[in-house]
Structures are given as structure tokens and as C-alpha cells.
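Structures for review follow.
Presented sequentially are two complexes of chain A, the first with chain B as partner and the second with chain C.
And then the complex of A and B:
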């Protein structure tokens, strides 16, 4: 009995590490798993194991992928002169849903946040500079969020990239200030890409 | 439940769960607070851009419960400070000022003058270049409002008024020192001009940022003095300094 309680507590503790999940929610989730049929719970465990074994970040663009490099980086039809910079992997999904972008991506895995001490060295910015060094890229579309962190990152990147003589563009406005790309509808994202402006 | 409302400046926010945000805001009459903004990420109807850092807004909230979080109900945007968001160096300085308020004033201590000071700096940076003068004026004034003002124009130990040469400074010993009162260790050597500039910046309205001009020597000395005072009273080094130091290096001699 004591053992079964400690297994339960262990799962609650693991689930409570998820972003935005507190003790209460973690307990509810653990209880849900406990009441599921055996196969369901094991399928969940297998899926988590497979995710960690098979999905990783693309060594070129840092998007999630099961292949190496990812499908977008490997696709010869995508424009190699045009690079779109986003904060998070889910932003690539948001832009792909709009079907308006035909270039390649670079995922920073975060945004500059002076108040939180998140600096350029915490993001995939050195890797971005390496890609630019290769010389194929002609235009950079900065698609960080329209929040203070996203704008800070955009300004930093523009300062870094412009001296290289590349064209630097930003998503057109129409995306309201303070919004995360993830939550914008695909039509608006598509229009913002087509109407991108010199930054 | 009672709903409070007050002018506020948004310091920072943190995404919470799918759609919510935890917002740190500095109110004029209730001090620094943390609030929970339900749905702020997903729906823009209730809060819009009013909860973005550096925004000034009238916020409506219910008093904090057990978790220390106020429940944010509504926000009326007063000033987005759009000009602040268009320059990396201005963002660096504004972020630093916000973090300094968090560090020196702390949560739950009402401080209307400190609110007015932060608002004045953000208003100033909204239309002006970020300068060392703005940074130093903000620092010395906030230090003073927080109750940590040092002795400037007379010796902290013996009280003698300084004439010209041989003035030193050690925040830990209360501020300026004459050569007779020096401790047995190395302290800052400062000029009367710098101490005078700092003292004068407290005699004008604290919300005035225009019309000050410090030489590079005054800037460097004043920075050394204020850095010493701040490190004495801040519990940990400020995170925003790493970006600010890159954005605004000290002027060379």
C-alpha cells in the first residue's frame, strides 16, 4: 500500500514539472492515468519514450524533426535565399499553416528578455550567424512575436544582420501588438508574410 | 469581492498554462503587485496590449488571495510608450529601470513618488535618446526615494564640508569621506564636481530628465559611486545589466 502511494506521488511530482501545471492539476492527471485501461496508459508511456528517441531538433534550423535534416531543410523546392527567423518550433507550424512562406526557417528557441537575463548566448544566434556566413541567404524575414521580447529580439537581429548587406524584413503590421504568433489565425499570418516590410 | 483600481506600469509578464499570464505591475498607490490575467494570451478583448511591459494603464484587480496573486479584471490603456519599443538601447535602459524598481522598492510597499519617477523616465525615453544622464539621474533619485541617500557634500564621519581636493567615497561608511576619516582600506577617490552634480540632481523636480549634461569624468565617477550604493542594497545583481552594459558602455576618459 505504501508503495502504491509513493508511485502515485512520483507521477504527480513528474507531471507537476510541466509548464503551467501545478500540484492540483498534476494530481488530477495522475488519477486519470490510473483509471485508464492498462493498454492506454502503456501507449502513453511508449509515446513519450518514442518521442525522446526519435524526435530531435534539426541540426540546421532547430525545428523538431524525425529526419536529419528536417523535411523543410531537405526540400529542394524551398527557396534557399529566404530565411524566416522565429522564436519557437510551434511558430514554424503557425507559418506553415498559412501556406504563404516558401523559404526556410531558423528557430531561436526563445527571445531576448533583458529582465529575465536571457541574452543572445542563450538563443540559437551563433548558429544563425554560421548559416549566414555560408552566403546563400539573401533575405531575412524576422517573425518573432509582436511583444516586447519579440521586438527586442528583432531589433537585436537587425543590428547584427544589416551590416552583412542582407535584406531584412519584418512581418507586416496587422498583427496586433502584444500577440504571440501561435494564436494568430492563418489568414492574418499569411497576409503579414506577403506584406512584409523592410525593417 | 472588492475591486481596486489604480494607475500602473507593467514591469513584466510570464506566460502561464495555455492562455493565462502572470503580470508584475507597479501601481501608484499600492506599490508593486503580481496579478493573474486569465485568458490574456488567447483573447485580446479584455486586456489588449495593456499588459505588455512598459505600458501604462489603469488596472482593475481584486486583492491578492492565498497565492499572493491579485486577480486582474480589466485594463484601460493610458500610454503604450510605443517609442520605447523601437530601439534596442532604449529597451535595455527601460528594462533596467523597471528591474531596479523591483529590486529597491520591493513588493507591497506603496511609493507614489517612485511611481512618478519611473513614469517620468519612461515618458522621457519614449521621445528621447537613452543617455547616461538619464540612467544616473534615475538611479540617484530612486536610491534617495528608497531611503538610501548617502552623504555627498560633507564627510559622513566628521561632518566637515568639503572645499576642493581630497574627497573619497565609501557607500558602506555612509558616503563621502575626508582624508582624516579614511578607513584602512582602498576607497573611491571622487571630485567635488561629481558630488555637486549628484546633489543638484536631487534639488530639481525628480521627474525632470531634460537639460542635464555630465562630462565623461563626472559620468564615470557618478557611476562608480551609484554602483557601490546599489550593490550594497540590492539582494542580487540585476539581470538586465548584461544587455544594458553592451548597449551603453561607459564613456571613455
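And then the complex of A and C:
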């Protein structure tokens, strides 16, 4: 049986596993939860449980979704000839906020990074090739980040896809170098999509 | 541009320094290992966000403390900017006028320093890595964005090396190689372009400092070539070393291996130069850097002279101090031998005795 101190310590240890959260922040968060009203803390616990039970990755585009396939993949109004490739699920949200893109998505779940041990086989690239095989997609917009990893991944994809005779474009620069799509304002993302260039 | 106020706490062996500063020459004198160089290092750190001694964060934090702070008010006519740096063992935070600074780009242009130190003389005397480092510091000073480009190249290089080491030679290596090539050529171009304007001035300054007709030069490999040719060359060199790099597991060519040759009368300075010639070369190199910044920005950088007087004979000293005294800017200078400076006619506007991490202001007449 855990005593009160170790319940607290256990939560701190769990929170400290979050990206960007250290021991100090984890302790502060745990203490905050402790001082919340009972319903609030339980609502948080329920939300976490629901998230894990109900949200998963779309088997087609690998965006997070509660339905199967996701709303975007299922939407008949979205352009099925146009596919946008991004690194992370958050990038889909950033592009959707801009309302500038009407096609479908493919989420790689990362970018090439030998130093972090990430190669093509660790990304959803085989799945991408399978989608392309179906023949419906005509244009690919590569929207990986403008970082060394993102640019290299873009080049890798372009070389992989171009021999299939598809049109391959890249987001226009105008997005600050090295920045993550996720943190760019909607207007800038919109302009980068409109101004996309042939790779 | 000059430092109007300088504050630091828990930096190396200093517990606290809080000074109003003036333009002109500030002299720091005292025995060895009392903290004179540490003082210069603090000013250097404030401008460059790193040490000139290749130190880690934890090395500059005072023994037994967890963090250190350096701040300064930098006067740009007509206004003043406040810069603050906090250093912990795991990282540092930078503020400009109270607001956090996110990228070096917004910071490095502000406040420029040129350092003269005996350590740098060792770079002139040593191998290609030291010469590259002297050159890169000079390019960075003229163009702070250069640092980002060096980091980018380094990133491609390290990733590429990892693939070579793990023997992953497929299509993945190809795309990392493309980024490596593009950024490697860019780096070579940056260095070559810088030297194109720098070298003629260096020759002039060397003759003045040394009082001779000797001809010095810096020869960067491929400097006579155009962009296209530089690109072709690196690609070609990579092809030639293909088998060997796969064998050894790292990249064998590129700007990180380049050797900028320092020459005197057509022969390598490192091997054939006298001590005096090497010293004059470094002096002339630094003077040229200062003049280039002045020409470009109209501002004199803050000069940090670490024990340079002892490195020069009286003739070179005189020429050197003549150059310094014709400057408008701010100079911090350390010495163990104040008499020697007096003989050169050096008259500081303020002077401090440094003793075991404390400063005591002394009237110059009493020196």
C-alpha cells in the first residue's frame, strides 16, 4: 500500500516523463493537481483515459482521429488528387487553421535524423508509397519543417516521388528558417501554401 | 559603442564586480592567476555568449555556486541598451532590454569585441584547426549570420558521418550529402569572400607594424575559383574519397578540413617565421579586423588585450600602441608589467589592481 507521500512522488515521476518537463515543473504540476477540487482532478484523469481509449492514428493518413478513417480522409469534398506531407500531427492542425489547403494529408511522424537514429524505415514512408501506388494522387505538397532535418526529408521524398511522374511542390519560403510549422501564424502558412514551388 | 556599466556575479574567481566604465583605456594589472584574464573573459562572454577559452558553462561559474550573471549597459549614441546573460551548468539565458532573446541573430550584431591574447598566438603557431578558428572568428565578427551557417554545415556533416559510421550507404546518404555539399561550398565561399577584402589590408598593416617590406598573405584553398567550380570540386573530392570514407566511417573532405595557409614571403609562417614575425602577423590580423568593422559599421569594437605587451618587442609595441591611441573606442588591457606600458607612453583613463578576484581602483600616477 502506497502512503500519501509516495502517491505524490508517483505522480511527479509520471509527469516528469513528459517532453520538456523536468523534476521541478513536475512537482509544481502535481501540487497544482493536489490543490484542485476533486471533480476537476477527476475530470483530468477521465480526459486522459478517454484520449487513450478513443483517439488513435488514422490508418490512411496517420493523423490523430476519433473516427476511422479520420474526418479529412472521409470527407468527399476534399481534393483526392492533392496530398500534403507533414512531419507531425500538430502540423496538420496548423495548416487546417490557415484554410488554404483543400487536399488530404500524410503524417510522417518525424523527420530523417541519423543522429537521433531516425531513418526512412522509422517514418510512415512505406505507407506513403502504398498510397501513391493507388494512383489517385497527382500532386504532392511537401510541408516538412524548414530545419536541416525537414529540408533533408523533403529532398528524400522528392527523389522518391518524382520518378512516379507526379508533380512535387514545396512550401514557399517566407517561413522563417529552422522554424516549426506548428508555431507559425495562419496568414504566413496560407501564403506559403499559395506560393508553393516546384521542387 | 562602449560599455557604460559592467556587472558580473560568480564569474570564475570574482564574487561580484559592479563598475561604471568609460571610453578609452582601462588597465588591469596584477600578478598571474589573480583574475585579469577572467575579467576580459566576462566582457567577451557578454558579447559572444561564449568563452574564448573553449570552456564549458560549469567552468566559468564560481566554485560552489550554481549560476553566474553578467550584464552590461552598452552605449550607442544616443541611446543605451541593457544586455544580461545568466549562465547555469545546463544552459544560458539572454536578455536584451529586459526581453528574452531567442536567436543569436538578434543579439550578436549589437556589441562587438576583438580579442588579442597569447592563446591566439598559439593558433598562429599551430595547425590548420587554429588558423581556421582565427579566420572563422573574424568572419563571424563581420557577419553574425555566419555562425548559423557554420552550425548548419556542422549538422549536415555530423548526420552524414553517423550514416558512414553505421554503414548506411543507401539513398539516405545521398540526400544528406546534398545538404553537406551545398552548405560546405557556402562556407568556403564565405571564407574566401572575406579574405578577398581582408588580405590586401593585412599586407599593409603588417608592413606598418613590423616596419619591414616583407610580404604576408593568407592562401585559402580554391580561392581563385568561381562558385560553380567550388561546387564541382567538392563533389569531385567526395567522389575520390568515396571508398576511404566508407572504410573509415567519416567525411574526409570539406571546409572543416581546409587549411588557410599563413605565409610570409611565400613560405609558411608557422615553419619559417620568426617569433617576431608571428606576433606581427597576429597584430596585423587583428588591426585589419578592427578596421574592417569600423569601415562597415562606423563603430569601433571593444578591444580586449590580454597580456599582449609582454609578447612584443619595444618597436612593435610602440607601433601597436600608436594604432590603439588613434582609436575612439574602448580598450581593456591586462598586464603584469606596468612599467613597460609606461615606457610606451600608455596612459589609461582608469586602472585597477586585480588581486585574488577583487578589483581595486588605483590612480595612474601611482602605478
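As a working rule, the second predicted complex is superposed on the first by the 197 of 199 C-alpha atoms of A that agree within 3 Å, B and C clash if a C-alpha of one lies under 4 Å from a C-alpha of the other, contacts with A are read in each partner's own complex, and residues count from 1 in each chain.
Following the convention adopted for this analysis, a residue touches a chain if its C-beta (ideal position, glycine included) is under 8 Å from a C-beta of that chain, and two chains touch if they have at least 3 such contacts.
Values in this document were obtained by computation on a predicted structure and should not be read as measured data.
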| item | value |
| --- | --- |
| Fit-or-clash call for chain B and chain C when the two complexes are aligned on chain A | clash |
| Contacts of A:20 with chain B and chain C, given as first, second, both or neither | first |
| Chain B versus chain C as contact partner of A:195, first or second or both or neither | neither |
| First (chain B), second (chain C), both or neither touched by A:59 | neither |
| Dominant toucher of chain A (residue count), chain B or chain C | B |
| Which superposed partner A:183 touches (first chain B, second chain C, both, neither) | first |
| Chain B versus chain C as contact partner of A:151, first or second or both or neither | both |
| Contact residues common to both interfaces of chain A (with chain B and with chain C) | 112, 114-115, 119, 148, 151-152, 155-156, 159, 177 |
| Residue ranges of chain B in contact with chain A within the complex | 11-12, 15-18, 20, 41-42, 44, 48-49, 51-54, 80, 85-88, 91-92, 95-96, 98-99, 239-240, 242-244 |
| Sites on chain A touched by chain B in the complex | 19-21, 112, 114-117, 119, 147-148, 151-152, 155-156, 159, 176-180, 183 |
| Interfacial residue positions of chain A with respect to chain C in the complex | 112-115, 119-120, 148, 151-152, 155-156, 159-160, 177 |
| Residue ranges of chain C touching chain A (in the complex, touch as defined) | 148, 152, 155-156, 158-160, 162-163, 166, 168, 171-172, 174-176, 178-179 |
